[in-house]
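The first chain written gets the first letter, and so on, giving A, B, C and D; residue counts start at 1 in each chain.
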């Protein structure tokens, strides 16, 4: 049995178990889910440890260099004159995906631990949760565009229900907004996908293929097809490949999210229950970044280069705009949601730089943000669970009331604002370094972008410290008075169990960035080479 | 103006006037009795139309049979019938009757129009009859001829009529029976 | 000489009067009288035309038939009226609406 | 270790690592101990004692020897290998020793000072963590790690300023401190990134050593050219500006100095260690590390800003009534001197002043700590509502606190720069070199040394005022509260020993056997720049004499005003007074010119987000809904409506026809006849 396949479909197995169990055993569902995610984490760590590095296993555009590959013919229809329809079940990983895989698995465990707060309709919740888990893992592993799209869409559905059924007061609004936004992106993605399919031929079989790696090779495009680089086809008067790139980019940019396609995020986060927030921020946003690297950059490298300035600009705007917005928030969860926008801006900026430092920094930032945002949302969930309020102005002096909680909040906040020693610092510093190097190495981005990006770090400090000062320091003064005082107990063992791994992971990556960089380096270099070769 | 013509007008006038009175009268008894007058006047008109046998039959059957029958029927029903009808408001022109009046008047107009347009006196077959002298004259006797024709040319209708009469008799008797078995 | 048209006109007036009675009267017996009036108008026409058929006397013969039939009709009608009166305690034809859909 | 080192060298490296690691270890141990544990103090102190010894050994081995540089691969990113290692040269071992030496008395002092605090253990955790960061900062060889520890000292300073986190002022202050420092950090980060982009390395030794990459880079034709790269020269300026921002933030230079006075909300021992002696000196240390990077023009700007800061801070210190604030501004002022010294090329004097300042300023803070502690004691004993740091309430304490008084006098004289103290040696060096530097330049640059000179007299004045108000005259609190119980004294040995130790270190013998000539100091000799002018021009004799004679007058003047109420009283309404008392209105200016606009921008962004971006989304949403509603309407009323109309027509015809079926025979008849009539009429008409 292929490990990746196992990794992807383990949640489904456990979901089946949950389906078969009667509702009277609902108390056990969370433990079953926890077991599933733990097994998944175990497998992902095993994969991580056995992941081979070196130029010979860089992946990116060489199918043979991918690892843990599992390729099965899946849908193969003979369409007569129109050739053969070839859709494979094709999963495999390279350096870009392996670290994200481990991160996602860990975040899933934490999200499960956060699911203890869910009290209603447990069966439905955990079924959807496991389905989501499967889809997320699938997205990171899929190398067949059709399969990728399938998993990508499969993520949407559980999320919609998870937000819409277990969310807060305005959950329906948030769920629909989220759903429409992402659907909007993916519908156009489907069109481009089909276009690519019709343009690309598998050299081995001669039939059209959805294979992403084949799509990266310009030689595989049929002469005169829509997306063939040589053919210079146009769609609505614009070059077809540019349109394809832009459409795919928008689809992923909504996920990342970048300004101005981000407004689903604060709403979805605020309304979603804590575990879903964790998954949204921790994993889902990364799919956007991952998609841009793997698909946008991989399939349309020359457009990515010519449009790099705009990508970088959007990244910088996201950084600053998200941070400014966070400054104005008084809902803690919304603040963190906007900080996510800001932090994910670095990912885009790094990708746009197309330097080894920038792209590595982006991947690092994704991993780091996965841990930190999960931690932040979990922490918000802790206080929200106790008193059902998240307004920053309603709390004061939590440091005295909940010292251990405050310690974790400080770790999370300082890690997020880029305190050295934590992962975010390395990620952001090297993203900016890559960005600054870009004008000299490939001339894609102007110098000032890095400087502007660094202002985001300053603003990050401002809003996090303000929150700390306002909410956690000072004399105890709570809006709910004595009732809240009794309700606001310090964190328990379960919560610590969830938080400690995240904090340790963030710290470990900060102290030993090679945990990530070591695994991704060859792939990143290969990617850069690929991009430069065009 | 000949006498006959005068007679015709008088008869016509009586017939029409009495018919109108019967029609407009609220009193059932009066209208029945005025209807006698109408029938008699019509009998007179039949005579003037040179159909004396029909006139006699008219008097005998209508006046002797039908009207008596009506009177019997009227009298057989209870007094209340009369009362119910008498209680009606007796304004001369009842608004409810106006549509009926208009209808009748229009009908009259149409009929008169048709009759005048048809110009009955100049129809081809009548002219032919006059030319062939196939016209009853005041002097000729018709009764024997009617008897012969009735038994020869019109035997089949005659028999049919008799059967019909029988059926009417049985039917009237059956209907008039007391409640219960009907 | 009295022309055919004169008779026909008198018949027409009588016929119209009959129509009026049939349509407007609230008493079944008067309605019956109206019918008789119309029959008589018809008979008058038959008789008037009958003058021009000396040989076969078709007009007068059918006038006779009509008179006989009228008698029969009247008998049956009166029997019906009596029955109706027994059942509905009225002879106003408006009150009897069993034919209504 | 990529190079096989001789045995002795590897021992030194190990010792260095031990010096750095011991406080970290102590911090970790303390973190695991209960919050109130009294063991924590001894753990931390032990770590520092050992650190002190080891750093002394390292210092003796490395001082005036070849720099010792080792590194190991930290991680690889792309084709860049990022190394971590230590770079031991004169400046770093000096700092290593200095930090350990200052930290030691502060630790001892703290064990008594923080004795009654609920979070005693946590205090020492933070303190040890600070020591770790600071010690690591001075020995590290990579710019990335330098930045990391640079920020970590800021972070530990944040923790310590806000140590009493239930006090609103304290948490406001630590937020301000961190954010101000963050501004500097961004500058440093940008500078590091620019340097990395230009030279492709983070290695300080390779970059800034004699003949290193920075030396080889040249500025020509608007381009900044290094061996590997070239970029527009503007980025060299930006990098310098970034470094300067970092220095300004960390070393509290204008315009980023306002956090330091507020930072006095932390425990006094912390102020002594972090905000007077060590951390704030990190900026100057950074200047020392990257000194070759600056061009002449940039150095001039540095000198001007240093001079301005020194003058401004001194002028503010004149009127402050808060004991610690006066000291804080004096720290800013002295740091201004150091920056100025760096700017005028007096590299050695700057570092020399850094060292001497560390000792005497730490001493003064500890003295302040004793005074405040005793005032606090009075306050608690008598249940008064007073500010224990207000010097207006003090006076005549020399009798109650004799040892403290002596220590204060030594510290003050050093601060003023009276001969026989260490301060004299270092400060005169700066002044003399500033004059020498200004000689060859345009006339207005003379303002720089003149300003420095003025500042030194201002210093004499405010220090004398401080001492006079605290230690001389009558105890003024007694005037308001005659029944005051006063059970105060110099305190236990934990107080006395550090004071004595530091007072001794503030005198000349530690640095030079000749108390009058700064250039004879061993420290200066080793650090002096190559182009140092020998004692040949007139400044060397005039300035020390002039400065000191005037200083003595100023001191007496201040003493006379504040103790004996002679001569006159300063008016407290003038513009200058208010400018000084309100700290040049800079805080207000920042509040209105920076903080509010930024918050406003945030609000605006949020408004924009809610109303414009979401508005567009909602508009699209509404349009879609409207179209849908229109379609639904069409479906309902037009398409269905047609069907309904047909049905209704049929029905109404049916209903119309039904009316005739009313069961009235006469009505049927009437209808029938009417139709016949109509047919007739039609027949006639047509």
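Here, contacts are C-beta pairs under 8 Å (C-beta built on N, C-alpha and C of every residue); 3 or more make two chains touch, one makes a residue touch a chain.
Listed by chain with UniProt protein names: A = NADH-quinone oxidoreductase subunit M; B = NADH-quinone oxidoreductase subunit J; C = NADH-quinone oxidoreductase subunit K; D = NADH-quinone oxidoreductase subunit L.
Here the structure is a predicted model, which means the values were calculated and not measured.
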item: Pair joined by more contacting C-beta pairs (C-D or A-D); value: A-D
item: Central subunit by CA centre of mass proxy; value: A
item: Centre distance in Å when chain C and chain D are each reduced to the mean of their C-alpha atoms; value: 127
item: Centre-of-Cα separation between chain D and chain A, whole angstrom; value: 35
item: Euclidean distance of C-alpha centroids - chain B vs chain D, Å; value: 132
item: Chain A-chain C separation of Cα centroids, rounded to whole Å; value: 102
item: Chain C: positions in contact with at least two other chains; value: 19, 23-24
item: Shared-contact residues (touching 2 or more other chains) in chain D; value: 670, 673
item: Set of chain A residues in contact with two or more other chains; value: none
item: Pairs of chains satisfying the touch condition; value: A-D, B-C, B-D, C-D
item: List of chain A residues in touch with chain D within their complex; value: 177, 180, 259-260, 262-263, 266, 321, 324-329, 355-357, 360-361, 397, 399-400, 414, 419-421, 425, 429-430, 432-434, 436-437, 439-440, 447, 450-451, 454-455, 457-459, 461-462, 465-466, 468-469, 472-475, 512-514, 517-518, 521, 524-525, 528
item: In the complex, chain B residues that touch chain C; value: 2, 4-5, 8, 12, 15-16, 19-20, 22-23, 28, 31-32, 35, 38-39, 42, 45-46, 48-51, 53-54, 57-58, 61-62, 65-66, 69-70, 73-74, 76-77, 80-81, 84-85, 88, 96-97, 99-101, 103-105, 107-108, 111-112, 115-116, 119-121, 125-126, 129-130, 133-136, 140, 142, 145-146, 149-150, 153-154, 157-158, 161, 164-165, 168-169, 171-176, 179, 182
item: Residues of chain D touching chain C in the complex; value: 658, 661-666, 668-670, 673
item: Contact footprint of chain D on chain C as seen in their complex; value: 19, 22-25, 31, 93-94, 96-101
item: Chain D-touching residues of chain B, taken from the complex the two chains share; value: 99-100, 103, 106-107, 110, 113-114
